[in-house]
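Each in structure tokens, the structures are laid out below.
Okay, so chain A shows up in both of these, paired with chain B first and chain C after.
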Partner chain A sequence: MKVMAYIPESSRLQVATGAFILLSVALLSMIGPHLTPDPSTQNLSSVFADPSSEYLLGSDHLGRSVAARLVRGGANSLFNTLLCVIGSVLIGVFLGLFSGWYGGFIDATIMRLVDITMSFPGILLALLIAGLIGGGQIAVVGALTITGWPDYCRITRAITQNVKSRPYVEAGVLAGFSGRFILRKYIFIEILPQIAVLATLGFGRTILNISSLGFLGIGLAPPEPEWGAMIAESLPYLRQSPYLVLAPAAAVSITVFSFLLVGQPLARALKK
Partner chain B sequence: MGEIARILRTHLFHGVAVGLVVASLSFVVVNLTRGDTALEIAIARHGTALTNEALVEQIRIEEKLDQSLWIQYTRWIGHAFTFDLGRSLVSKEKVADLLWYHFRHTLVLSVAAMLISLVIALPWGIFCGIFPGGSFDNISGLVSSALVAVPHFVTGILLILALSIKLQWLPVAGFFTSRHLILPAATLGIGLAAFSSRVVATAIVDVRGALFYQFARMKGLAEARVLLGHGIKNASIPVITFIGLQTAHLLDGVVVVETLFAWPGIGKLILDSILARDIPVVQGAGLLIGLMYVAVNASVDLICIVLDPCRRDPEAIR
Partner chain C sequence: MNEILLNINNLSISSMPEHKTLVGSVSFSVRRGEPFTLIGETGCGKTLIAQALTGVLAKDLSATGSIEFDGPNLVGLSGKERRKLWGRRMFLLPQEPRLALNPTMRVIKQVSEVLRYLRGQQPKNALKNAGTLISDLGMSSSRDGRHYPFRLSGGMNQRILLAIALATPAEFIVADEPTKGLDADLRDSAVRLLQNLVEQGKTLLCITHDLAVARDLGGNIAVMYGGYIVESGPAEKVLDSPVHPYTQGLIKASPENGMEPIPEHVLSSMKTAWNSSGSRQMEACL
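Our next item is the complex of A and B:
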């Protein structure tokens, strides 16, 4: 394992545990939906059912299988998060490279864009965009991509500026290499590990944000399940069946925690 | 002086940008993606059953929605910059009054949450910082990661389950007495403490490694004396900077926590008005939250300049 060599001895167990949980969550979300019944089928004659062979984890207030909704919700959350992170990284790295390499007016314009996006607290901007559009997958993914790119842009720009002034890059320019070649061969490889670590942590944050938006009622259109929305739906029944709320709550927390378990030691290792 | 002017200029730019973005975004998104705004207002005001075409036309003229989009937009921006926030489309109350009422509740909640977080985070962080790498420090690191990973609404629900439903000590939701404040403030405070205890710990470790600190120890001063006399003040700079970042986190959590606990603050107001498409209120609340954020960041920068002479005039040091 080449990656493991970069991680200090003391946190290898932590990273491995996190990675193992993440793999299990991903596998469950990919395979689970094929093994469980349809997550949206209601059965009003067996609401709040206890776990049984038919309802692996019991049923909710509309008699839908909690197990099925949990794995399908996981699949939805993970897939949407993946889209957000890929989108943010692409926009961020692209603009960051431009900004750092060319400087001047382009740099100033892009940095003002970063400033404006970052002068909004947390998910407020995403809430405004996704909420006013009216929710739905495209709205949520779009909104979180728009709010997610500045981190990647700033780090890419900083590294690009740093690398640009090194002698071997100047030598490359003098040797007549094209700008694109230098960006790819000299600069991009420096950026890659930083972005990978940032994206790991960003993945966790995006899952949190998606579930917050889902909890607030701005997410996938019901009855499509989603962890945050499942919590909000089952909240009125907290007193009699707290389990309906705790299951998706545990799913969100464990997944995000695993991303932190993997991401934080890597981030520390890169800083040194 | 140059430094202070620079800071004020930067933050003024952010403030204006936030205002423009909120005003334009809400206008553009609503007009591009939504159906008939007048129809929606009619339904929000009178319910689906009572809404008919005549009523919709009446509202369209009343709210000046029949004019061209460009005229509507310029009026929109103009009003936003003169702080004429208009009236709610649904309840017809003045937006400024609504904002003031909800802002007070958010302020109380935020201050309480901040106090709770400091009461938890300062001793916790300082202890971890004095014994870094010890087992308590390592476990604290994991605990705070776990707390960061748990969404605010889950912390809140767990507190409700434990303190309201099982033990029946505190009311579940509402805002009538100070007892109603405890759960939402604790929910936010615990989340914040998880972050800030780590920042406090790092700041203490850094300060204890600094040369002036080592020197004070070597000349024979007791650890506690050096920590109180030199350590705390120097460690407070990164911590105060972090409090600015925390405000972002706080305003973020406020929307979720206020919704969960039915606390009538600005976060609940903005969510309710987004769901009801009450655009003047969305704009007003978005503007207020954005400006609060910018204002806190500006004051954090200024406080740091007061605490840290090195930053007053960066040129003079070189």
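Our next item is the complex of A and C:
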């Protein structure tokens, strides 16, 4: 493993553990929905059932299988998170490259845009946007993408400015290469590792945000399950059947925690 | 075909807000397919001429006069038109070979990239031709070519840069201090590589403070001091029987001739001559 060579020996176990948990979560979310019963089927004759062979993690207040909802919810949350992160990275890197390379007016405009976006707490802006265009997948993903890109943009711009002033880039320009060619071949390659690490950490944050929005009821339309929404739905029954809340909450925590396990040593290794 | 590729006429470079003259009406011309050497001490404005020529003058400097490159005047050309010349018509050989190569790319790839981008060759052909260029310069394309720049020595990196210069379709190469930081041995081989460029039909403008380089390259030379050309002509004639007292002093000041300082009265007489003619010179030199 080439990547492992960059991680200090002391944190290799940590990264491996995180990666293992993440892979398991991803695998469960991908395969799980095919193995469990339909997550939306209600069975009002067996509400709040204890865990059994039929309901692996019991059933909720409408008699739906919690296990099925958990894996399906994971698939939804992870997929939406992926969309958000990809969207944010694409926008951020693209604008950051432009900003750093061309400078001047373009740079100033994009950076003010970044300032404006960053001056709002991300989740608040997401709430506002989601509130304006209504809930649903597009609203949540769109809102979190719009609030998520500035980080990537700033780091891309900083690296671009740094690399731009190196002699070999100047030599490339004088050798007749176009700006687009240099951005692609000389600068993008320097940005990639930084962005990859930032995206790993961003992944965890976005899952948290998506769950928060789900918890507040701005997520996928019910009965489609989602981790945040599951917590909100089951909160009234916390005393009676605590695992209804604990299961999705644990899923969110473990996933976010594993992203941190993987991301932090990588970020630290890159800083050196 | 015009025999004179580059004709510089009354080129002056001055700093913008203060209007201080850094290079004062310099004129010379470079013949196609021949080397031309600009020689002078540090701060005499020779690099500024190269920058004005390639169009990378700092923003607060302005050039007046004319630089006729194969006809059209380059002074006041827009950035867009400049870019059409870079790499395609003229190539600036960078000063520091190791820094001027992309550290994230194998060197053979960097040569082939120029062939692909500027000559439109297919990837496979470009790689093959890049290998030929590298081995023509006395390196192994299969071993050295596959290395990243940091694995190669300074001299090898310089050869890669020359391979890149040869790979471009540019007919005019500007070499700014090509022997900077090289010992005598490497300097000789660098000069041989530059001669190689000329043999391949390129026109070379070499900027240096090293008299030996100028002598070995041959062709015409111009001696600069304080932003002016004090003497110019064929290299042998200027270096063997210099007429101007400054050139005589410069030759005596070189290490092999005893490192005798240029006499103060020569410098001060030039200073008074310029002052009486109403022009201002670079402070760095005087």
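As a working rule, the second predicted complex is superposed on the first by the 271 of 272 C-alpha atoms of A that agree within 3 Å, B and C clash if a C-alpha of one lies under 4 Å from a C-alpha of the other, contacts with A are read in each partner's own complex, and residues count from 1 in each chain.
In this section, a contact is a pair of C-beta atoms (placed from the backbone, for glycine too) under 8 Å apart; a residue touches a chain by one contact, two chains touch by 3 or more.
Since this is a predicted model, take the numbers as computed values, not measurements.
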Combined model on chain A where chain B meets chain C, clash or fit: fit
Partner chain(s) touched by A:Gly172 [first = chain B, second = chain C, both, neither]: second
Angle at chain A between chain B and chain C, C-alpha centres, nearest 10 degrees: 100
Per-residue contact with chain A, leading partner among chain C and chain B: B
Which of chain B and chain C A:Gly204 touches, first, second, both or neither: first
Which of chain B and chain C A:Pro193 touches, first, second, both or neither: neither
Partner chain in contact with A:Pro223 - chain B first, chain C second, else both or neither: neither
Minimum Cα separation, chain C to chain B, after superposition on A (Å): 22
Complex interface listing, chain A residues touching chain B: 112, 115-116, 119-125, 127-129, 131-134, 204, 208, 211-212, 215-218, 228, 231, 235, 238-239, 242, 245-246, 249, 252-254, 256-257, 259-261, 264
Contact set on chain A toward chain C in their complex: 166-168, 170-178, 181, 185-186, 189-190
Chain A-facing residues of chain C, complex: 54, 56, 83, 86-88, 91-92, 94-96, 99-105, 113-114, 117-118, 164, 168, 170
Footprint of chain A on chain B - complex, ascending: 13-14, 17-18, 21-22, 25-26, 29-30, 33-34, 145-146, 148-154, 157-158, 160-161, 165, 247-249, 251-253, 255-256, 259-260, 270-271, 274-275, 277, 282, 286, 289-290, 293-294, 297
